[in-house]
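There are two complexes below, and they share chain A, which is joined by chain B in the first and by chain C in the second.
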Partner chain A sequence: MSAVGAGAPRRRPFFLPFLLISLIAAGLFLAALGDVLHYSVRLFIPGSIEVGGFTLANFARLLRPIYRTVLLATLIISFLTAIFTLLLGYPVAYALVRVRRGWVRSLLIVLAITPLFTGEIVRTYAWILVLGTNGFINSILKALGIIGAPLSMLYTSFGVILALVQFSMPVMIMLLATAISHVDRSCERAAANLGASPLMVFWRVTLPLTTPGVVSGTVVIFAWTMSAFSTPQLIGGGKVLMLSNLVYLEGLTNLDFPLAAALSLLALVVAIGSLGLMRPAITRLERKATLY
Partner chain B sequence: MTKRTLLAVVAALLLALAAKPVLAKEPLIVDMWGGNWRDGANQAIASEFTRRTGIPVKFITGGTIDRLTKAKLDKGHPESDVTITTSHVGYLYSSAGLFEKLDMSKIPNAGQLFPPAIRSPYEIALYSYVYTPAFRTDLMPKGYSITSWHDLWSPALKDKIGLSGFDPSHMFIVAARLAGGDAENWKVGIPLLEALKPNVKAFYQSDATSQDLIRTGETPVQVLLSINAYHLISEGVPITIAVPKEGAVVNFDAIGIERGTRHLAAAYEFINVALDAKVQAKLCDIYRCGPMNMHATLDPKLASMPGVFTTPEQWQTEAIVVSDETRARLLPVWKDWFTEHMMH
Partner chain C sequence: MLRLEPRFAARARSGLFWFTVVLILLFMTIPAVVVIATSFSPSELVTFPPAGLSLKWYVRAVTYPDFQNAFINGLIVTSFASTLALITGSAVAYLIDRYAFPGRAALEAVLSSPLIVPHFTTGLGFLMLGVALGINQGYAIVIVTHVLLVLPFVTRSVYVSLRNIDPHLERAAANLGASPGRVLTRITVPLLLPGMAGGWLVAAVLSLTEFTASLYVTDAGTQTLPVAMYTYIREYSDPTIAAISAILILATTLVMFIADQIFGLGRILSIDAH
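Our next item is the complex of A and B:
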């Protein structure tokens, strides 16, 4: 006989409300995805907002060079953004966790997190002012006599990646700071006592122990950069296109909703596929970190 | 209460009931863009319409494509009675069966319009503006001018031009004409378009980014909407607008009646008011555009502005007009080519 008597009221599991909400959210997502899927196999009729019969032509169009080029550009930009965000974010997160003075930590938190509250558009416009022909950087360089003619930074992949890195930094810093704060300091002290230099301690102890944070930060930034829209739209100036910009161009300015839907599905498949391809490397890294 | 008092109260109540239908007239719902567009239409058209009919006007606003999509979803039971949109988008409304076929006898002012104003049996242009070259006077060499569309191909403009990425139709129309063709056989203009690529610095995706590009000087030369250029000039940005000798490509914002409206008579009256000569003059004074009513008397300064056409001669010599059907049908084809060969 169980501890709960036969006459005792049975309690409903507490997770049920959460499960219900999750199911509703998943249902809505699947319904929207179903609609996108439906549009992707309908025929586009130029000069009409009605779609025609069923076709696979939209997917065949994705094989054209422009879409391959934009897909490749999206993957490269997303990858480089994730890597540069990691390289720049790690030292900030490390300092944030390890600095002893309270006011320095507060200052770092403010500097790292405040950009989150300014919104993507505002931050992107700020980059336009910084990178523009008559912007901050060019003005300074010209005033110092370093350059004669302004450097082209806007409407280039460099400008887009720079703005995306800055946009992604707060999230990366928060993920890394969490991982770094969970490192057992006694492991680092033990390594130092055994004669390891501070650099060696960091390289052989701290960094491996923070691998889960490094991996999750890189994956998160890669995945969300895959769907970046406003930054490439404004900083790219129509010359640097990512998949989401093409979806916008085809769907909302060209009214070719079927092709826009096919492009959206391509973006989804590529994002999931990329994460799937990363999976073995991630597992290997995490296992290595556990061994340490 | 005396008998006289009782009668007075009953009379007052009856008067109040009689007055109620006037006070509670259902508003006419106008669907258009927000911001300055709505404010201008409210100031010039809606206020006059309400003054004449006593019917209030309510605006619902949104972006061009959002509104089109919503109208499609509401087909048969429209939320609005009247829609104002770009004329070639208006063609999409009518081809989808979203607009009423207009009975011109119910729009007396339609008889006073320049011929291009009747865009189709379903929509009438309210005003016109042009896509034309413009440049920052302070950022170009002294005495610089643009007299022909060919000037955009000058090597001196390398990496200086801003073009529309969301509606490049005017560039296809111009390139085709320069190459001896027209919109229908636009492919003759392809070599010219490809030759223009080195001169293009950026492609704007909205009116706002168009204005930013020229305001900041990123693209000191731009093919842009005259309305946007005049707006910037009014803010003190030194811009010169040119209407090349070959003419400028005209765009129209047009009005149509939503099929299924419950306020058909009021909708016709609204259009008639919008096309009234005085209302047109006021509207164009606000928007800095060209009137469709040939009797509209504009301020001489406004009338002399490039791209503001007020005479039949100007329509003959300075305006490049393409049918909305052609534009709506070919725009997706043009956009595909443009994205593939110009933007990337």
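Our next item is the complex of A and C:
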């Protein structure tokens, strides 16, 4: 009967060409990552970009105190950035989802999301102007008579984290907005009808229902900040070092590709590891959230 | 009176909430405002507030040969990269949405992993791949790198549009005798156009502004605008970068505003990292 319908053997007219295109793309990316892996186990020959035989010496070099310090600094900066981004991102995401007027919503979207598209160099340069000795913050504080001598904020972890938080806000807001928009409003209304104050409704209903988004947003920003480069490079100015700056230093300045590759792998493992650890936690939270 | 009080409390709470939101949005937008203000500064020394008005940094920004070349390089790389990413991303989205085959999940994971892999790792990897293939000097390796970096955004955008297509339309065309190729070009692709255009636009903007990976895969001849700007910041401290940044900020804000009106940014950008 239904020879043309769902029962017929499925014809797959575009399967092969589309698969071929996809496989070429995937193959190129895997080849690039494979090269990182490959270089990380080759011997560095000083003064040459040619590499020697196979060795694990590059990973042994990662155990030196300097690399341990930088790894720790990278983790701390990424963690603080993720937490502060969450605290500042939540109210904006909440406003974005719950606002009723169309033009306010459009304005919020453009203000909250556009910074993502101006690129990291423009945004990092902007923070140099804001944080500098004669920059925006120091000029205002001096004009108000709050400070006599300019504060030094460039080349500090504080300045780097401040810029990284602003940098991470759009992605955090998008992830949180998705979570908040999925909250069933009738749960909130039920709690309010039962006498809960609006703060109580938020604290006991809305926030718990959005925990999966909160956790995934925090971890995504953590992993994302792990790979930030231009902000620590320009605002840290060599005084605040993250893994990305070492990879650049070893790879493009010292031409020590094997060590740069080993450092890149370390960053990759931490980034993927934190996302992998997150998954069971989110699944558990989602299951819990549906029980409410 | 008694009935007014809770309303007053609600007003106060909502006022406090919106005050906080406005403060946070100020924190997000002040850097851009400072850049634009600085770009009109008449003096070489970057001070705030600027001591007057001048357009000389705009003149220098658009006449500086490194920036001119870098801008053209960026246009070449972006137009190839975002178009190739559009073709590839549409193929990937169609493949994942319409066909079941072994390894589909793995293919999807590999092609969305550029979102998670640090850009310096991706950049270093493609630099090494470029050296291995002997194409480390030239546009090809830069374009390939950008295609992979923006691909997840295009795929996502086309995939969301594919899901929203009414399958009856395609089936109706097929029942009326249209060949699969005709169904694809006459029914599916036209219905996907908004998603494809939105994805292409996001890909183009991300490619134009990509910096970290580009720093690894470009050289003096192929450097893109962000790389040239980075080099300039390290060598000079005058407001030329403020002028060029101001142009970029205004251009992207305008493009994003228009994109929001046409495609709905919320839909294109629903990035799912897991």
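Assume the second predicted complex is superposed on the first by the 255 of 292 C-alpha atoms of A that agree within 3 Å, B and C clash if a C-alpha of one lies under 4 Å from a C-alpha of the other, contacts with A are read in each partner's own complex, and residues count from 1 in each chain.
By our rule, contacts are C-beta pairs under 8 Å (C-beta built on N, C-alpha and C of every residue); 3 or more make two chains touch, one makes a residue touch a chain.
All of these numbers come straight from a predicted model, not from anything done at the bench.
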item	value
Three-chain arrangement built on chain A, chain B and chain C clash or fit	clash
First, second, both or neither for A:Leu175, with chain B first and chain C second	second
First (chain B), second (chain C), both or neither touched by A:Val92	second
Touched partner set for A:Ser244, first chain B, second chain C, both or neither	second
Touching partner for A:Leu234 - first (chain B), second (chain C), both, neither	both
Touched partner set for A:Asn134, first chain B, second chain C, both or neither	both
Which of chain B and chain C A:Phe158 touches, first, second, both or neither	neither
Which superposed partner A:Glu50 touches (first chain B, second chain C, both, neither)	first
Which of chain B and chain C A:Leu252 touches, first, second, both or neither	both
Superposed model, chain A: greater residue contact from chain B or chain C	C
Candidates 43-51, 187-195 or 205-213 of chain B: the single one with C-alpha clashes against chain C	205-213
Chain A positions touched by chain B in one structure and by chain C in the second	49, 128-129, 132, 134, 234, 248, 252
Chain B-facing residues of chain A, complex	44, 46-50, 64-66, 69-70, 128-129, 132-134, 152, 154-155, 233-234, 237-239, 241, 246, 248-250, 252-256
Interfacial residue positions of chain A with respect to chain C in the complex	4, 11-15, 17-19, 21-23, 25-26, 28-36, 38-39, 49, 88, 91-92, 95, 106, 108-115, 117-123, 125-130, 132, 134-136, 139-140, 166, 169, 171, 174-175, 177-178, 198-199, 216, 220, 223, 226-227, 229-230, 234, 244, 247-248, 251-252, 257, 260-261, 264-265, 267-268, 271-272, 275, 278-279, 282
In the complex with chain A, residue positions of chain B that touch it	65, 68-69, 72, 91-92, 95-96, 159, 165-167, 201-205, 209, 212-213, 216-218, 325, 328-333, 335-336, 339-340, 343-344
Contact set on chain C toward chain A in their complex	10, 13, 17-18, 20-21, 24-25, 27-32, 34-35, 38, 45-49, 87-88, 91-92, 94-95, 99, 101, 107, 110-111, 113-114, 116-122, 124-129, 131-132, 144-145, 147-148, 151, 174-175, 180-181, 184, 205-206, 208-212, 215-216, 226, 229-230, 233, 241-242, 245, 248-249, 252-253, 255-257, 260-261, 265-266, 269-271, 273-274
